[in-house]
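Beneath this line is the structure, given in C-alpha cells, with notes to follow.
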C-alpha cells in the first residue's frame, strides 16, 4: 500500500497497453474480409448524405456550460470540506453564501429556460 | 545516477510541449482539441511531480472533464472544422516574436542552472557556462495538511476572493446564457419592434430609423 | 536539499515558458476563434504550472500559491464558458469563426 | 481462546498477508531498489486489471441471471453449470468476430476511444480499498481522485462519436454527454458531506470513521447522510448509464448511441468500461455510505467488501428489471431541477448541524453529544429535508399535470366545437 501517484501512472499506462494488446490479439484471431458495403457508414440501410457534420442545437452547449460551472465551483469546495472540522462556526455563513451563489446561477438558468429539454 | 523523476520529467515535457505545438498548428480543430487534452494531461503530470496531488486531480476534472468538453461542443456547433489555411498572415512574425520571447524568458530563468542529476547530455550547457552546478535554494517538505490549510485560507484569509469566485461563476452563467441562448422567433421580432420604435422616437427624421431596421434584419 | 525528487526548479519554469509561448503563438496566429481560445487556455495552464512550481519550491508552507492556482481554475472555466458562448453567438449571426471577419464595429 | 483469536485475526488479514508475502518474495528475488518497486507496481497494476476483467465477466453473468429471474425466465443455462461459462463464450466470440472499421472513420480517434474508456475505468480501480491495508494505492485525495478520473471517459465518448463519422454516433455521443455528464455534479456535491464528516479524503480514513476505531462514529454514513446516500446512488446509476437511465443506447431512438459503428473487440472494450464503471460506483457507494470492508459482525473484510458491492449492484439490476426507461426531459429535470438544488441545500444543512452538534469536544461546536445522538439528529434533519423536497416536487409536478390536462380539455372543447360546426354545415 503506497500513498503516491506513481502507481496511478503505472496503472494508467498498463491499462492502455493491455487494452491495446487485447485489440492486437483480436486482430490476429479474427477473420478479415472487408468489402465496400461492410465499411459503409451504418445508418439503417440508407445511403449516407454528406459527412456527420450536422448542425447541433445550442441547447447541448448550454447544458455543458451549466455542468462546467458547477463542476468548477464544486472543486473549490473540496479543500474546505477537508478542513471543515477545524473551521470556526461563522465560516458556515461564508460557505453557504458561496453555495447559494452557485444555486442562484442555477435558478437563473432555470428561469431562462436553459434546463428545458424539448 | 539517472532518477526515475528525471526520465518522467523529460517524457512529460516532450509530450506536453509536442501536444501544445500540435494544438497551434493542426488544421483540424477537433484534432487540435484532442491534442489540447493531451497537453492538459501532461500538465497534470507536472503537478504530480510537484507533489500537488489535489491539483493534478483537479486539472483532470476541470480541464479534461469540463473545459475540453465545452471546447469540443463549441467546435461541433460551429462548422469549418478543417481550415484551408489554419494561420493568418501575421503568423510568421508572431512565430518569430514568440521564439524571441521564449529565448528571453529562458535566459532570465538561466538554463545553465539546470543540472539534471545524472543526465549528462542535458548538463552540457551547465558545464559550458562554468556555472555552479546546482540551484542554490533550500526546498522544504510539503506539510501533510497543506490541503487543509488551503481550505482554511479560502474561507478565512481569501474569503473575499472565494466569494467573488462564486459571483464570477454566477456572472459567467448569466453572460453565457444571455449570449448563447436560442431566442424564439417571437422574442426576436418583439425585440426588433421595440428597437425600431425606440429609434423612431429618438430620431426626428423617420428615414434613418427605417434604414437601421433594414440593416439589422439583413443579418438574419 | 535543494530539489524535489532530484529535480530543481528551473526545468519546470522552462517548460512553463515554452507552454506559454506556444499558447501565445496560437492566440495570435490562428484563424479560428476557438483555436485562439485554445491558445489562451494553454497560456493559463502555463501560468498555473508556474504558480504551483513556485509554491512548491519557494513557499510550500503558505497556501497563497495554491489558492491563486485554484482561482485561476475558476477564471479559466468562466473565461472558456463566456468566450465560447460569444463565438457560438457570432457564428450564428455571421456564419464564420474567423476573428478577422468580425469588423462590424469598424467605422 | 487465544488460539482461536489468533486464527480469526489471521483469516481477517489474509489478503494483506498474502500480498505482503508476494512483495517480500519478489523483493528478495530482485533486491531492494526503485526497479523492484516498479516491478511490484506493474504486478499490482496487472492484478487490478485482471480483477476488473473478471468483475466484468462475473457481472455480465450476474446481470443476465438476475434480470431473467425478475422477468420470470431462467436465463443462461447452456454453457457450463448455470451458464457460468457464458462470459467466456462471449469473450471468445468478441475476440474472433470480424471487426469493421467504417471507410469514412477518423482512424486514430476511432481506434483510441474504446481503449481510453476501458483504461480510464481500470484506472479508477486504483484507489479501491479491498480490505485493511489492501488497495492499489491509498491516495490522500482518494475520494476526489475517483470523481476526477471518472470525468476522463467523457472525452472518450465524444471521440468515439466523432471518430465513427456517423450521424447517429455523433448525435448519440452529444446527447449522452449533455444529459448524463450533468449527473457528475450531484455525485461531486454529495461526496462533500462525507468528506466533511470524516475530515479526510483517503478512502481508508473514511472507512475508519465509520468503525469503532478511535475517533470513529461506529455507524455507517448512510445513517448520517440519508439524502447524500440516495442522491449519490441514483446519480451514480445515471452517470454510468445503466438502466433506467440508459438513454445513450436507447435502441428505439438513436440506434445504439455513440458505439453503433463498433464491433468485435472494440465493442467489448466499451462494455468492459461500462461494467467496470458500474462495479466501481457500487464499491464507492459501499465505501462512502456503508462502511466499505468494515462490518459489525465477524466476517472477514474481503467478504464484507464483496457482499456490500454485490448488494448494491443487485439494486442496479433490480431497478433495471422493474423500471421503464426515463424520458429525456425527465432525466434532465431530475438532475438539474431536483438533485442539484437538493444537494446544495443538503450541504448547508449538514454544515449547520455539524457546527451545532459535535461528537468531540476538540472541534468547534455548540453542544457536545454522543455519536448515536448525533446520528439521530442528522438522520432526522436529512429525512425531513428529503420529505420537504419530495413534497415540493410532487406538488409542482401535480400543478404541471393539471395544467396539461386543462390544456388538453380546452383543445378537446375547441375540437368538438369545430367538428359540430363542420357537420352542421
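By written order: A, B, C and D. Residues from 1 in each chain.
Keep this in mind: a contact is a pair of C-beta atoms (placed from the backbone, for glycine too) under 8 Å apart; a residue touches a chain by one contact, two chains touch by 3 or more.
None of these values were measured; they are calculated from a predicted model.
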_Contact clusters after notional removal of chain B_ = one piece
*Would you say B-C or A-C is joined by more C-beta pairs in contact?*
B-C
*Where the CA atoms of chain A average out and where those of chain C average out, how many Å apart are those spots?*
21
*Which integer distance in Å separates the CA centroid of chain B from that of chain C?*
3
_Can you compute the centre-to-centre distance for chain B and chain D, using the mean CA position of each chain? Integer Å is fine._
31
*Specify, in ascending order, the residues of chain C that touch 2 or more different other chains.*
70, 73-74, 77-78, 80-81, 84-85, 88
*Going through chain B residue by residue, note those that touch at least 2 other chains and give them in order.*
4, 53-54, 58, 61-62, 65-67, 69-70, 73-74, 76-77, 147, 149-150, 152, 154, 165, 169, 172-173, 176-177, 180
*asked:* Please output the residue numbers of chain D that touch at least 2 other chains, ranges allowed.
replied: 38, 139-140, 144-145, 151, 162, 170, 174, 177, 181, 184
_If we use the touch criterion from the header, which chain pairs count as touching?_
A-B, A-C, A-D, B-C, B-D
*Along chain A, where are the residues that touch chain C in the complex?*
58, 61, 65, 68-69, 71-73, 75-76, 79
*Please give the residue numbers of chain B that touch chain C in the complex, ascending.*
3-6, 9, 13, 16-17, 20-21, 23-24, 29, 32-33, 36, 39-40, 43, 46-47, 49-52, 55, 58, 62-63, 66-67, 70-71, 73-75, 77-78, 80, 83, 85-88, 90-91, 94-95, 98-99, 101-102, 105-106, 109-111, 113-118, 134-143, 146-147, 149-150, 152-154, 157-158, 161, 165, 168-169, 171-173, 175-177, 179-180, 219-220
*Touching residues (chain side chain B, partner chain A) in the complex*: 8, 45, 48, 53-54, 56, 58, 61-62, 65-67, 69-70, 73-74, 76-77, 79, 81, 147-152, 154-156, 159, 162-163, 165-167, 169-170, 172-174, 176-178, 180-182
_Sites on chain A touched by chain D in the complex_ = 1-8, 10-12, 14-16, 18-20, 22-23, 25-27, 29-34, 36, 38-44, 48, 51-52, 54, 56, 59-60, 63-64, 66-67, 70-71, 74-75, 77-78, 81-82, 84-89, 92, 95-96, 99-100, 102-103, 106, 109-110, 115-118
*Can you list the residues on chain D that touch chain B in the complex?*
34, 38, 109, 139-141, 144-145, 147-152, 154-155, 158-159, 162, 170, 174, 177, 181, 184
